[in-house]
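Two complexes come next, and they have one chain in common, chain A, joined by chain B in the first and chain C in the second.
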Partner chain A sequence: MEKIAIVGLGQTKYKGSREETFDELVFEAVNLALSDAGAEIGDIDNVVTVSNDFWDGRTISSMAVTEASGAWDKDISTVEGDGIFGTLYGMMRILSGSFNSTLVVAHVKGSEGEMNLITNAMFDPIYQRALGIDATSSAALQARCYMEKTGATEEDFARVSVKNHKNAFGNPYSQLPMEISVEDVMKSRKIAEPLKLFDCSPISDGAAAVILSNKQGLKRFKKDPVWILGVGHCSDSYTLGYRDLTNTRALKNAAQRAFTMASIKDPMKELHVAELYDAYSYMELLWYEGLGLAADGKGFELIRSGATEMTGDLPVNPSGGVLSAHPVLVAGLARLIESTIQIRGEAGKRQVKGASKALAQGINGPCGQAHGIIVLGS
Partner chain B sequence: MSSTEIKNIYYEGRIKVPYNWYVGEVGSRFLVNLRDNKEIWGIRCPGCKKVYVPPAKTCWECFIPNEEWVKLSDTGTIMSFTVVHYRTQAMPKRDPIIYGLIKIDGADGSFLHILGDIDPRDLAVGLKVKAVFADARSGTILDIKYFAPVYK
Partner chain C sequence: MGKRAAIVGFGQTYQRSSRKDVNGRELINEAVRSALADAELTINDIDAVVIGNMDHFEGINYVDMWSVEGSGAVMKPIMKVTTGGTTGTTIAMCAYYHVASGLFEKVLAIGWEKNSESDTTGAIITAFHPVWERPNLGGAVAGLAVEASKYMSNYKITERDGARVAARERLHALNNPYAHLHQEWMKGMKVEQIVDLLVTSEQNQVLAYPLRMSDMCPRTDGAAAAIFASEDVAEKIVPTPAWIHATTNRHNYVYLGDLDWNVNETLRDSSRKVFKKVGIKDPLKEIDVCELYLPYSYAGLKWMEDIGFCGPGEGPKLVWDGITDMDGELPVNPSGGVMSSNPIGASGLIRVGEAAIQIMRKAGARQVQKDVNFAFATGFGGCSWADVMLLGKQKPA
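This part shows the complex of A and B:
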């Protein structure tokens, strides 16, 4: 594959509610990315926007940010899904031979809609939507399946929340840094059992952007490139109930493709940082298994071992993860941005020393139906 | 008026678009059986023999059409459950709201529905449940009111 690099990045601070409109957030993220890259909008050949019509409350929501993303005279296209998938599409547009650089920008204002109603609408309208199921209640069903299959406990889920909220103190963009104990998580308000308030990610507003370039385009940008070494994505079946919710085969497939491309044989040893999509605490344990960081059914042992703490062999979610800020669609891009920052060595207090290989994950669909994995290196 | 005196305005909107979804040939047959006969029907893949409920026109793994209709039992086993402690406008008016993934006897995979007539403290994976049908049925998934435990 022709090599593609990340040469610029920008993200707004994630908050429960931001006073800016969503196009203002996009404008901010894009300008931060341009300034980070030492570039101007004219250096961008094409734009991929990432948005969702239900979250924005309008159809063709992508087009509403044409101006804010600097795309009015450019080729613009959109991805309705997580920002990792937007990045993949942005790469494809360079690989098509038509462009040397792509700007990928994602936005969401979770504060303006109603998460439970919006995510209820992702379910089948004939058989499931009328039951009122949504992202949180379906995740709760998956969490219990995981406990039943593996023997993981609610305390194990809580350990993920404790770790990630603590990590968030090092990340100025994060929304919810918290010093909490396993007991605090266990005592937090019940949401959908076994999930409690601190097992769930917050509602967030924000935008994020990355600039991708091939070798030919590099001369336009001042920032040292961070290279995309491997990429993979894969989807499982859609209907809740048809698939085994503890089977991570889609993630395994996506990760394997990315690892093969990046020549990674043992991810636990070879990766220095992993930024995972922990929309709910238990997910991080399940994703450990899908990524091969832990054997099937043993993800909870990895969190207990401390290996994924900041001081462990493979820090997971030094940014604080999705539990500490969940701008839907933007969140995968935020994982990619954190991974890039870590490789650049610009992560300040949360810097993982000597990080030169990192992994970012994005998910789409209920209970992690689809996964996108990007491996980065210096 | 100076800009510091301007208070932000929030515009309250709502998207409300009526749809009239055709549920498909397979879906119609399933829902008519719920409505008229209080029966749960699944459909079997000729390749892997998996029985889908709710029925699917094709087996997504074998990627071939499902053909054989199978009358299933109205009983099953709880594979997962969640007691929900919040309410949304999308939920049926019930208290408490408990969702279950139910493996219907004779089918593969699980069927998402609501659990009722049960004290949340008695919930357990592996519990046998039976469909309770609504008195007034209109050909929707809520023609099954909920699944209730079968106590022997």
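This part shows the complex of A and C:
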């Protein structure tokens, strides 16, 4: 594979509610990415926007951000899914030989939507929606399955929340830095058994953008490139009843594609930092297993060992993760941006020393049905 | 550099006003099986899947996830793309880039819509600005009526000219078993006679002047699937793959009020760009067949000019002279086009697929007689957006 680099990035501060309209958020993120890259909109050959009609409450939601994304007189397309998938498409468009650079931008205003209704709408309209199932209640089923199968405890989930909210203090873009204890998480309000308030990510507003370039395009950009070493994406089955919710086969498949491309044999040893999609605390433990950072059923032992703390062998979510800010669609792209910042050595208080190989994850669908993985290197 | 890519299989469902016999996933499955059978492949041969539709028609969020058990994407890479009316061509472009990137060898592209489950215009209206445009211009018909009025005023175009395009599309659809509208009463009638009836019949209700029922596309249930393959395998799958020579798009506008109603600028610019890339100087002579996303009749006049098939105001002459009929110099929409079937998320992909089968000479009763070297397909949507794709029989240089 020809090498593709990330040469610019921008993210707005993530908040529970932003006054700006979503095209204004997109404009902000795009301008931040361009100035980060030392570039102008004319240096961008094509654009991929990421949006979702349900979250935007608007049909053809891509239309509302076309101008703000700078796509005038350029090729443009729109991915509906996490920003990681938008990045994968942006990269393919360069690899095809048609373009030298792609701008990828994602946005969401969770504050303007009803999470329960919007995520209820991803379930079967006849048999399941009437039960009221949504992202959180389906996640609770998955968390319970995981506990039953592995012996992990609610305290193990709480440990993820404590770690990530603490890490968020180092991230100026994060929404919820919190100094909390396992006991605080355990005592927080029940949302859907066994998940409590502090096991769940918040609903956020925000936008993020990255600029991708091939080698020919590099001269347009001032920033040192961070290279994409490997990518992979894969979807599991849809019907929850058809899935073993503790089986991470789709993530394993996506990760294996990325690791093969990046020549990574032992991710635990070779990666220096990982930014994972912890929409709910327990997810981080499952994703450890899918990524091969822990053996199947042993993800909870990894969090107990402290290996994924800032001081551990492989810090996971130095940014505070999705638990500390969850702009849906943007969140995976934010993981990619955070991984890039780590490799650049620009992460400030959340910097993992000497990080030169990082992994970012995005997910789609209920209970992490689909995964997109990008491995980055210096 | 990337890989050359070609379409090696295409399938579609029967397009109907209401497909009550299947649910959405079954509809998708019908198209996928048909495309796989056409290419003599199985789902195990497919490396990645691209799917799209317009969410608010069926009210299903994360359609790529919901559909995997019908699309066959379980344990495969899948991605959803969606851009309104252009969704179908956007899917084709996305599948093309998947293959051209070199990351995937055989990619399944799926577009679908079950409009019978929706309030189509109700959903489309929410695409427009809630304060400035929804109360007056929003929806599918209104903006097009403005464009038609301006075009009529600019070049002294008559309602008969619009009806001539409608007659062509519906006559062509009679050759296409998959088309939604089969207006059997037109069979055997002279074109002039059909046109006279269309512009005088009281039953042919005016929706928004000058557009009557017969000037507009229907809303349709249907799905389509196309298989894109890389140059490494395409010729092993089919003897004559339909190669993608060039593709581009322009989605410049957000507000209808910003449009220059004199010219379809995005279609003009996109078309010029691909013609230049492939070295086409005289599109009317060099392109052999078109599958254009013409959502309403007057587009079949004005947009022909914008693409560059004739000069400004010359669209009616081109169409009345029969040049765009099945036996003309440039047959347009042998399938009957969007005005005969419009499962919105699939409509653009059907254009690309129908262009491909003309090259592969698999179009049955709607196959154009002449040799097809280049076939041109377009998508229309959003706020006067255009996607274009030029397909060819020869492997691109």
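Some observations on this one:
Here, the second predicted complex is superposed on the first by the 378 of 378 C-alpha atoms of A that agree within 3 Å, B and C clash if a C-alpha of one lies under 4 Å from a C-alpha of the other, contacts with A are read in each partner's own complex, and residues count from 1 in each chain.
We take it that a residue touches a chain if its C-beta (ideal position, glycine included) is under 8 Å from a C-beta of that chain, and two chains touch if they have at least 3 such contacts.
On a predicted model such as this, the values are computed, not experimentally measured, just so you know.
Shared-chain residue A:Q128: touches chain B; no touch with chain C.
Once the two structures are superposed, chain B and chain C can be ranked by residues of chain A touched, with C on top. In the superposition on chain A, A:F85 contacts chain C only, with no contact to chain B.
Residue contacts after overlaying the shared chain place A:L285 against neither chain B nor chain C.
Look at A:L240: by the touch rule set out above, it reaches chain B but stays clear of chain C.
Contacts of A:G57 after superposition: both chain B and chain C are touched. Looking at the shared chain after the overlay, A:A140 reaches chain B, while chain C stays out of its contact range. In the superposition on chain A, no contact is made by A:A325 with either chain B or chain C.
By the touch criterion stated above, A:A192 is placed in contact with chain B alone, chain C being left untouched. Touched by chain B in one complex and by chain C in the other are residues 57, 125, 237, 239, 242 of chain A. Interface residues of chain C, counted against chain A in their complex, comprise 1-3, 52, 54-56, 59-69, 73-84, 90, 93-94, 96-98, 100-103, 123-127, 248-254, 269, 381-383.
Interface residues of chain A facing chain C in the complex, by the touch rule stated above, are 1, 52-54, 57-60, 62-64, 66-67, 71-81, 85, 88-89, 91-93, 95-98, 118-119, 121-122, 124-125, 231-239, 242, 249-250, 253-254, 364-366, 369-370. The residues of chain B lying in touch with chain A in their complex are 8, 13, 15, 19, 21, 23, 27, 31, 52, 54, 56, 60-61, 79-86, 88-92, 97, 99, 101, 109-114, 125, 140-142.
Of all residues in chain A, only 19, 57, 114, 116-117, 120, 125-134, 137-138, 140-142, 144-145, 148, 189-195, 237, 239-243, 245 touch chain B in the complex they form.
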